[in-house]
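Two complexes are shown next, each including chain A; its partner changes from chain B in the first to chain C in the second.
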Partner chain A sequence: MSNCYINGIASISAQPTTDPDTFLDEVIHHKESIFRSHDPNYKEFIKPAAMRRMSKSVKMGVTTATMALNNSGIEMPDAIITGTGMGCKQDSEKFLENILHNDEQFLTPTLFIQSTHNTVGGQVALGLGCKAYNVTYVQGAASFEVSIKDAQLMLSESPEKNILVGGIDEVAKNSTLLHKLDGQIKEDDIDVIKLLDSKTSGTVTSEGAIFMVLGAEKTDKTLAKIIDVETRSSATPNEIKTDIEKFVARQGLSIQDIDAVILGNNGDVEHDHYYKSLQSSIFSNTEQLCYKHLTGDYPVASSFGFWLGTRIFDTNKVPSVLKVNDISAKGYNTILLYNQYLGKNHSIALLQRC
Partner chain B sequence: MSKGIAITGMGIISSIGNTVEENFNALKSVSHGISRIEMLETRHKDEIMVGEIKKSNQDLIEQLGLEPSHCFSRTAMIGAIAAKEALQNADVSDVNDYRTGFISGTSVGGMDTTERHYLGYPETPKYRRFIEAQHAGFTTQSISDYLGINGYVSTISTACSSAANAIMLGARMIRAGQLDRVIVGGTDALSKFTINGFGTLMILSDEECTPFDDNRKGLNLGEAAAYLVLESDEVVEKSSKKILGRVTGWANANDAYHQTASSSNGEGAYLAMKEALKVANISAEDIDYVNAHGTATPNNDLSEGVAMTRIFGEDNMPVFSSTKAFTGHTLAAAGSVEAVYSLLSLRDDLIFPNLNFKTQMKEFSLVPQTELISKGMNTILSNSFGFGGNCSTLIFTK
Partner chain C sequence: MAELQEELKEKIIEQLSLEDVEVSEIGNDDPLFGDGLGLDSIDALELIVLLEKDYGIKLKDPKEGKAIFESINVMADYISKNRTK
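And then the complex of A and B:
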């Protein structure tokens, strides 16, 4: 397996995360269980004529892809790999509702054309004129991580490549609301910043996009090294504990070598025990960080952990809003990420300072 | 030539049969599966022709033995049927005796259930267990849970090239030693969403489709699921298994021309075929037969035809056909459906015909194979292209 470096990264989320000179210095306290992203000025990245037809996913995706490429110094990637849990949900929903409300009549093609899951990957390729490998993964909460796994595999096949990897998910008015009906989202609005102390089931949701440029060569832009990523479709909390121990051991490390662990706790009392059982056992002496009380949970929300890791390495500090225990690491060189959703689509990743 | 990755099992359900052998018999007896819609409720029932699996959802539930409280979409059910056959065919009794992964392609996933219940969710709590089927990964998860696979599972959604990309990823993961065994392919059920979507693009034919014909009117949508079992040479040797064929070449390129239309010079398709030949370490002359994407839309067949002439030369074109007139265009499943057909071609030295072709296209002299013929073959190239400019090519070898 060849090395896998993050040589550029950009994030749009429900917090101000596009300014490289700040690191969660100010956070927005969302008050609803479904909330939107904090948007940059898209006009700086997308021509107005093109923007009119773009859904939120495409806007966020194209913008973060452009920003990540800019900060890596790479103009043309050798592959584009995107992950999304729900794809272009807004356009899919509108097309579906038109079908159902108008008895399959009076439909126009634009919404359908933009409804496919690979729309963002296709639009980024089209914008760059990039004819290289292009794939979209749709694997729930592990969509971003299986995308990285493909990139990592590709770098071992062709170490000279620069690979653009992204994760995108958007809120759509009615389909997102349906997740209140099946209990995925908390019924009542809450003070999201207090999400992790919630005593109810379900979570809160939002939207965002993160793109990274990955390469096998360390450059002067390198932000972090992805040591490895592993995904698993389903597992019990005990199996996850063993998986993490094996995963860390496989890298020639022990749990004591982990300076901080970034966990995907989302305030769902039915499923947060996956994290809590780690917090009270193998990571009881490790600095623990959480972020979904800032960003909400959505299929590619775990990508935020990768962004956090690179920012922590870069600034050498951890914003106190992320901390959930009293332990502070002496320095930040090795960070482990773990995430799951409804007990499915588990992912473990290890980042290292370069 | 590259040795490639061993294929040890295959399974399929399509409008021409519920098993591999039923599909083979239909292809061999030149009996297509294009008809009017009978299973799906849509106002376009009598306007278009499709490749529909003539089993109701209740039939599928019974065949799989699902609990009444199940939350399988039709896409997941046909997927589970085909994947199960593939595992049986590969003689796998315990999926977890080796590191086994599952990679499935789908375009709309559980849209068939979403569109059936969407308006009813607020009033009808018993339907709400299907809400999760909105995300395509849920379809894959339903199938992997049914098969008992809980390790590496992923879903690829690159429109009509999804299953081809799933096969490609599986082959790469086996080659790199990341998995010992992987079930790869795709599944898509007919839905109002796709029927109306392709309808608005005006590329659905009201007759049986005619791939590569100058007067082609568009595609017939189809539904199907098909999977292959890929295994490492080590596993194959240990169990002295019969190998059905090998995946020796693969590539994925992007046309970067338009969100839905293919470029007039077939650039993406050309790049995919060229790179796949390189991965297989063979030259264009080594290809004995091409199973073309050939959807019978004016745009695809022209673009693909041009790309093929760029690869092979107009005068050196290998025998080629599109089998879409048997099954309809099964979207995300097309790549694995045609992988199964390619393996059957290699097994029995038969080339399945391109039905309904009458008139050569004006733009070039390409004429597909229109009769069932017997031909000794070693190497088959299969194309799958999709929205978003996604073009993929696979090469299968005896």
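And then the complex of A and C:
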């Protein structure tokens, strides 16, 4: 497998994450189980004429793609690969509402065009005039990691390429509420910063976008190296423990070589045991970090772990709000990420400082 | 006619998500496409749907829209002569 370097990255989330000069210095304490992203001034990145038709996910995606490309110094990517769990839900809902209200008549084109999962990838390409490979992966909570896997394979065949990889998901009025009805989202609003101590089932949800520029060549902009990414549809906690040990061993490392582990705990008592099982065993002597009490959980929330990893390497510090145990690594050179949702779509990734 | 012109401006702003445009900024003779309001081909499709939904006018040939959507004045005149609701 070819080298895979992160040569640019940008994030929009429920926290202020677009300013490169800060790293979660101040965090927003959300108080609801469904909350929105902290938005930059999108007009700085998107022309008003183009923006008027864009839903939230398209705005977030186009903006983070632009920022990541700017960070990397790459003007035109050789491929655009996106991952999303639910796609453009807002426009899908509006389109369906129009069908109902207008008795299946008078359907307008804009909402239909923009109600698909690959709208963000398409809009990024349109904005850039990029006619290269453009694919969207919809694989639940592993959508972002599967997109990275595709980029890795492409870099193995064509190491000269620069690949734009993104993950995007948005909150939408009705479909997000459906997840509350089926128990995926907590029934009552909570102080989200205390999410990880929750004793109830379900989680809290939000929205966000991460875009990265990946390349096989290390540059002066390189932020981190993705050593490997692995996904698995379903597994028991013990199987995950074994998977992680084998995954780390395959890289010629041992668990002791991991400086910090970034986990996707989301306050769901029905499924957080996947993480707690690791926290109390193979990672009991490792610095443990969590983030969904800041960002909420959504299908591509795990992409935030990649952003955190690169920021930790870049700043050499870990904001205290992320820490969930008393262990502090001496330095940060190797970080492991693990995420799952409802006991499915497990993903393991290893990042290394460059 | 003046009432219909104002109504059309409001509908166009809402239907086409022209969030930064005020009714007062659209002149009755300003071109809607190109250098005027800057609408594009997707907007033309939206306007065809608007004509049918709100005024009962069904364009048999979408190319007719090019002349009908020239300006607010032309559009209002066409609607007042052909509307069925």
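We adopt the following convention: the second predicted complex is superposed on the first by the 352 of 354 C-alpha atoms of A that agree within 3 Å, B and C clash if a C-alpha of one lies under 4 Å from a C-alpha of the other, contacts with A are read in each partner's own complex, and residues count from 1 in each chain.
Keep in mind that, in the parts below, contacts are C-beta pairs under 8 Å (C-beta built on N, C-alpha and C of every residue); 3 or more make two chains touch, one makes a residue touch a chain.
All of these numbers come straight from a predicted model, not from anything done at the bench.
Asker: Counting only touches as set out at the top, which of chain B and chain C does A:299 meet: first, second, both, neither?
Answerer: In the superposed model, A:299 contacts chain B only, not chain C.
Asker: Have a look at where A:234 lands relative to chain B and chain C in the superposition and call it first, second, both or neither.
Answerer: In the superposition, A:234 touches chain B alone.
Asker: Contacts for A:310 in the overlay, against chain B (first) and chain C (second): which applies, first, second, both or neither?
Answerer: A:310 contacts neither chain B nor chain C.
Asker: Identify the partner contact of A:123: answer first if only chain B is touched, second if only chain C is, both if each is, neither if none is.
Answerer: Only chain B is touched by A:123; chain C is not.
Asker: Of the partners chain B and chain C, which touch A:347 in the superposed model: first, second, both, neither?
Answerer: neither
Asker: Thinking of the overlay built on chain A, is A:107 touched by chain B (first), by chain C (second), by both, or by neither?
Answerer: Both chain B and chain C are touched by A:107.
Asker: More residues of chain A in touch with chain C or with chain B?
Answerer: For chain A, the partner with the higher number of touched residues is B.
Asker: Looking at the overlay, does A:99 come into contact with chain B only (first), chain C only (second), both, or neither?
Answerer: Once the two structures are laid over each other on A, A:99 reaches chain B alone.
Asker: For chain A, which residues lie in the overlap of the chain B contacts and the chain C contacts?
Answerer: Common to the two interfaces on chain A: residues 105, 107-109, 113.
Asker: Considering only the defined contacts, which chain C positions touch chain A in the complex?
Answerer: For this pair, the touching residues of chain C are 15-20, 38, 42, 45-46, 49, 52-53.
Asker: In their shared complex, at which residues does chain A touch chain C?
Answerer: Touch list, chain A to chain C: 48-49, 52-53, 102, 105-110, 113.
Asker: Which residues, counting only chain A, touch chain B once they are in their complex?
Answerer: 80, 85-87, 92, 95-97, 99-100, 103-105, 107-109, 112-119, 121-123, 125-126, 128-140, 142-143, 146, 150, 153, 156-157, 175, 178-179, 181-182, 184, 231-235, 299, 344-345
Asker: Under the definition above, what is the set of chain B residues touching chain A in their complex?
Answerer: 42-44, 102, 106-107, 109, 111, 114-115, 118-119, 121-122, 128-129, 131-132, 134-138, 140-141, 144-145, 149-159, 165, 169, 172-173, 176, 178, 192-193, 196-201, 252-260, 267-268, 271, 386-390
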